[in-house]
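Take a look at these structures.
Next, two complexes with chain A in common: one pairs it with chain B, the other with chain C.
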Partner chain A sequence: MKTRETVLYLLRKFAKMIVTIWLVTTIIFFLIRLMPSNPVDRYIETQMVQYGMTYEDAKARAAHLFSMDLEKPVVTQYIDYISNVARFDFGDSLLTPGLSVLEIIGARLPWTLLTVGLGMIFAFIFGVIIGAALAFKRDKWYEPIISGFASILSAVPDFLIAIFIILLFGVFKFNGKTLMQISFLRGNYSIRMKPGWNMKFIIDVAKHTFAPSLTYMLSQLGVWILLMKGSTTKCLNTDYVTMAKIRGLSSGKVLRSYIGRNAMLPIVTELAMRMGLIVSGSLIIEQLFVYQGIGLELVKATNGRDYPVMQGIFLIMSISMVVSNFIAEMLYAVLDPRIKLSGGKQNGR
Partner chain B sequence: MGDNAKPYVTLSQSSRIRKTLSQIWFAVSHDKVGFLGFCILILIVLMSLLAPYVCPPDRVSDPSQILKAPSADHILGTDHLGRDIAKQIANGGRELLLFAVFSAAIGTLLGVVIGAFSTIIGGRFDGVVSFIADVWLSIPRIPLLVVVSGFFTLNSMKLAVILGVLSWAGLYRTIRSEVLSMKEREFIEVAFMQNLTRSHIVFKEILPNIMGFIIVNFTLLMRACLYSQVGLIFMGLIPLEENWGVMINQAWTQGAIYNPNSVWYIIAPTIMICLLITSLVWVGKALEDVFNPVLLK
Partner chain C sequence: MSNDKNSLLFQMNNVSIAYNTKRGALKAVQNASFSINERESAALIGESGCGKTTLATSIVDALPNAAAITSGEMLYKAADGKTVDLLKLSRGQMRRLLWDDISMVFQASQSSFNPVCKIRTQFVDTVRAHRKGVSNKQIDEMSRALLETVHLDAEKVLDSFPHEISGGMKQRTLIALSLLLDPRLVILDEPTTALDILTQEKILKLLRQLKDDKGFSLLFITHDLSIVSELADKVITMYAGIIVESAPVKEFFSNPKHPYSSGLIHAIPRLTDTDDELFSIPGNPPDLITLRKGCPFAPRCSRCVPQCHEELPPFEQVRADHYCACWNPVSEGVHHG
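Up next, the complex of A and B:
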């Protein structure tokens, strides 16, 4: 145990993480400011057209409402923004005045986490089980079929899988009925429902969650099957597993103590890496299912040039990606004692 | 392969390319799945080449034929403007293919050149470029493209360039690790000792030797670019042209999916894109098994 070395390694990685997040925030900030058209112009235009205000009145009102001065030099705006973000103040939404960006994200993020998270957990569980089983059945006739299916699943874009799911559950008729009502394929919950912790609402939410979650699950299942199969196969061919078998250990013991942990190592790291995609991988699918999550919110904000909301969502997405990469590297170092901590360069899979 | 009679003559460029080509052929002809993917890919290419002459798409709408179910006249039915879907399918692959090849070529070129030079130069320069790549990869891709599409009225070619430029970082990482291991080999050390220029080492010594690796990554990058493009088209962020992605977008916005007659309007292009992408992945996998035989079957 070299505690000093470990702490230094952690500190260096942590510092790198903070710098990365800061750089990404900066890039996004300027990118968004450089976009043609801006929210105040759009607001002033509508005020002038609708209420016949003079330009000065409309502008004063806009400046008051938006509590941000877009006439200020971009650099000043940037310094304001960064110092606010450092205090976890992401500002207020421009399009829906009175609502802070944190409130918007707080309202939308749980829905995205629910659907994508469920999909990812189930994909991981099924993928690992099927993949490990396939590695033992490599001589069976059905192995290439399942592997081929897995590679198709991993290749096909997720939004096309979503189309197939909508077709299967909402369009094709079996015995004159579709498998699900179309209304369950759109939105987070039924319109008449009142959000609350009662059974009726939870069941309704569960029904609405099913199709998007299934999409996320299927789009990742193939990857997990192939990864787990590959990593288990690699372990099966090693000398220590052969030796364990020769020693006459029961197959269960070999599986648990010799194959399991080694085969799971790259898989767990990959899982940690993919955690980061939970937040950002949902843009198109949320549009398909009209699911009011963070991805749909970002598209809306982009269309209305709602700078603070865009920045906030981008920040959340980047943070989750960077942090999950950080966790993956940590896990890799913790789980695999062969990795030298001082090795600064990234180890490929 | 090599000319063993003259040991002091290194493999010439042309024989290296010939070797790579023969390896590619070996890959697709000895792997069942890879061969299947190769055949699908060839069929799609042939269809895209021949379609404009054999069955050009309908240019005028026919109000009497709107959203018809499949029939003898229209094998896959008609769309919301009364145009034949089968003809659109036949013509819809060309743009996607061109686009994917073009943007993947840009991305590969950037990734390979930056990756190889940064590794060969090494030291602090390499560290800085690696860090930039890390930051670059931390920006979520599709959301970024949504923002970028606010800047330009994107057409396919502009998008291809942007996508290619955006995707340098992922390839940079893989190329870097490959070149790092190559840097330890004797012939590169010899090249350094001979005081050859860095560009000579990169272009004449390293790149020909990782050609197979680059080709594998090229097919993977084509897949990624297709994903992004079709995704953006689907979200309606790219003006409409004539390809399968646009057909899906149109079918979706016209609600064809819920119309039992015109279900093929959305299924057909979806299946075609799936076929195209799957075939790319399969070919890439077969090539990887030959060029990069680390993974045991």
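Up next, the complex of A and C:
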């Protein structure tokens, strides 16, 4: 009975997620057609002016690139577009003809997931540990200093942190040497390296990942510290924690089962939600480190008006946001028994 | 039985507790002394904010961070006959003593359970913290037996999360939990507030019966004098952080010595009263940070003499088992007012 309820709930949530993604896709489709300078017309114009194409040729080319037939009525175009997207076919890139949008995303996204993902995981781990420790040491003199530092860290924009990291590791000289070769502060891997699963390449990639990951970690760390500190402090003062102590439970047990579990509830959800920001969180950092990830690709596509690529990346961003929200909701239901998996219906007390 | 009653279980001597506040030290409890015998049930009464809960939580070492015990001793006679001072025990020793010997149920029983764990887990955790090598099955049996004594559907409660059972059920579950390790002293902070009158009656009956069956001592905090008359053997009256009177329950009601106790008793509305107006004690309790010298009750007292404003009266024995701190105690037969 209970498993059936859970499965039904999951299915309902999943359906909701699909509907949200469909809505986003639809909005993107119409937005592109509503933009003041219609990108399709603009493309046709450019082709005609620059390459002397006839209108028909340019239009045919545009239709191919945007993977849409411009002769068809909008409704038919829309259906085509949706069915293409459903098959993960986002059309071809304008700037690099012959390369499909999916291939570009497939080549760039893993790099972003690597740097931003690593940064996020470390920010989460350090933030949770430091935040929880601070909650216990609220009376100590260093608590306001660390908390203040965390506040500053969470307020400083990530590009300033990136510039600071570049200066610290690549420009300032200590004993006549910089901490890292400046070449490790740009790109995904060294130019002469041949990509492959060998130790040399992996170490090279790790060195290149370090700076952007560190930047991302620092820009997130403050928020995690403050969140965890607040959450833990709230739990420390609850009646059930006092009660657990009076019951003579060992301090380790109280920390794990009574404080830890309850303090982590909002934090874990926050983590799942932020997973959705991985793709969009990389925009400025990747630009500063010339890191060939999805963020830099989006900037390039926007500058070059590569609409199919933009469209595809925007879709990926939206989808990852929706999916991570879905995961957050699932996690919360698993971790907190007060949230019922049966949805709106309230079972009697 | 009467022999048992005379053997001392817990004694508090001159305990003072202060809260560190921005305005200065708040003397929540001053020189509190009282004792509880084995199998005895003591009621701690007084107005809100007079330090009752602070005094009770200090026994189980659960004072808030801002509060500190500044002086005194808490002597507890352990099961092996040795007397220990709870304030001098190490953290580990105290931890072993808690719940096994002294358990406490909070006023906030509604939030005393970990919201993300089943009730069963919290029973198991409690036993595991004190007894080694007890199987889950044994713990289950212990818990079930106790929950059934408090008239609960044990199976259902154990498998529930705290939010799935009602307030009255939670209160009874907590009482069952407090008795899980057969403690010798149970402290209850307002065990029946927030409950309807029928559940309240049920719980009182239950407590009386459990106390007789299991033979533990009871210290309970209440505002309600009807509960005192039903459950207590001894009444301890607090006013503004000071224990002003400690008396056997019969004497407390028939012959209170302190004008404050007397005032409390007279403030109980009676069905037989023909007067339209209820008696109340005029004025408000004093600010515990800027305490003036003399007896704190003096400004509100109808029996006040000049000495009351000068010097704090000592807590003295007036009869067998009856102590009072007053310069001008209520004399026998004379009624207040």
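The criterion applied here is as follows: the second predicted complex is superposed on the first by the 280 of 349 C-alpha atoms of A that agree within 3 Å, B and C clash if a C-alpha of one lies under 4 Å from a C-alpha of the other, contacts with A are read in each partner's own complex, and residues count from 1 in each chain.
Throughout what follows, contacts are C-beta pairs under 8 Å (C-beta built on N, C-alpha and C of every residue); 3 or more make two chains touch, one makes a residue touch a chain.
Quick caveat, the model's predicted, so the values are computed rather than measured.
With chain A as the common reference for superposition, the partners chain B and chain C occupy compatible, non-clashing space. Our angle of interest has its tip at the CA centre of chain A and reaches the CA centres of chain B and chain C; in the overlay it is 70°, to the nearest 10. Within the superposed three-chain model, A:170 lies in touch with chain B and out of touch with chain C [touch as defined at top]. When the shared chain is aligned, chain B comes close enough to touch A:314, but chain C does not.
Legend: residue contacts after superposition of the two complexes on their common chain; A:156 is shown touching chain B, with no touch to chain C. Of the two partner chains placed by the overlay, only chain B lies in contact with A:302; chain C stays clear of it.
Of the two partners, chain B and chain C, it is B that touches more residues of chain A.
When the two complexes are overlaid on their common chain A, residue A:106 makes contact with neither chain B nor chain C. In the superposed model, A:265 makes contact with chain C only, not with chain B.
Taking the two complexes aligned on chain A, the least Cα distance separating chain B from chain C is 12 Å. No residue of chain A is contacted both by chain B in one complex and by chain C in the other. Across the complex, chain B meets chain A through its residues 32-33, 131, 134-135, 138-144, 146-148, 150-151, 173-174, 177, 223, 226-227, 230-231, 234-235, 248, 252, 257-258, 260, 263, 266-267, 270, 273-274, 277-278, 280-282, 285, 295-297.
Put simply, chain A touches chain B in their complex at residues 16, 20-21, 23-24, 27-28, 31-32, 34-36, 138, 144, 148, 151-152, 154-157, 159-160, 163-164, 166-167, 170-171, 173, 182, 230, 233-234, 237, 280-281, 283-284, 287-288, 295, 298-299, 302, 310, 313-314, 317-318, 321-322, 325, 346, 348. Chain contact summary for the complex, chain C toward chain A: residues 60-62, 65, 95-100, 103-104, 106, 108, 111-118, 121, 125-126, 129-130, 161, 163-166, 177. The touching residues of chain A, when paired with chain C in their complex, are 139, 238-240, 242-250, 253, 257-258, 261-262, 265, 335-338, 349.
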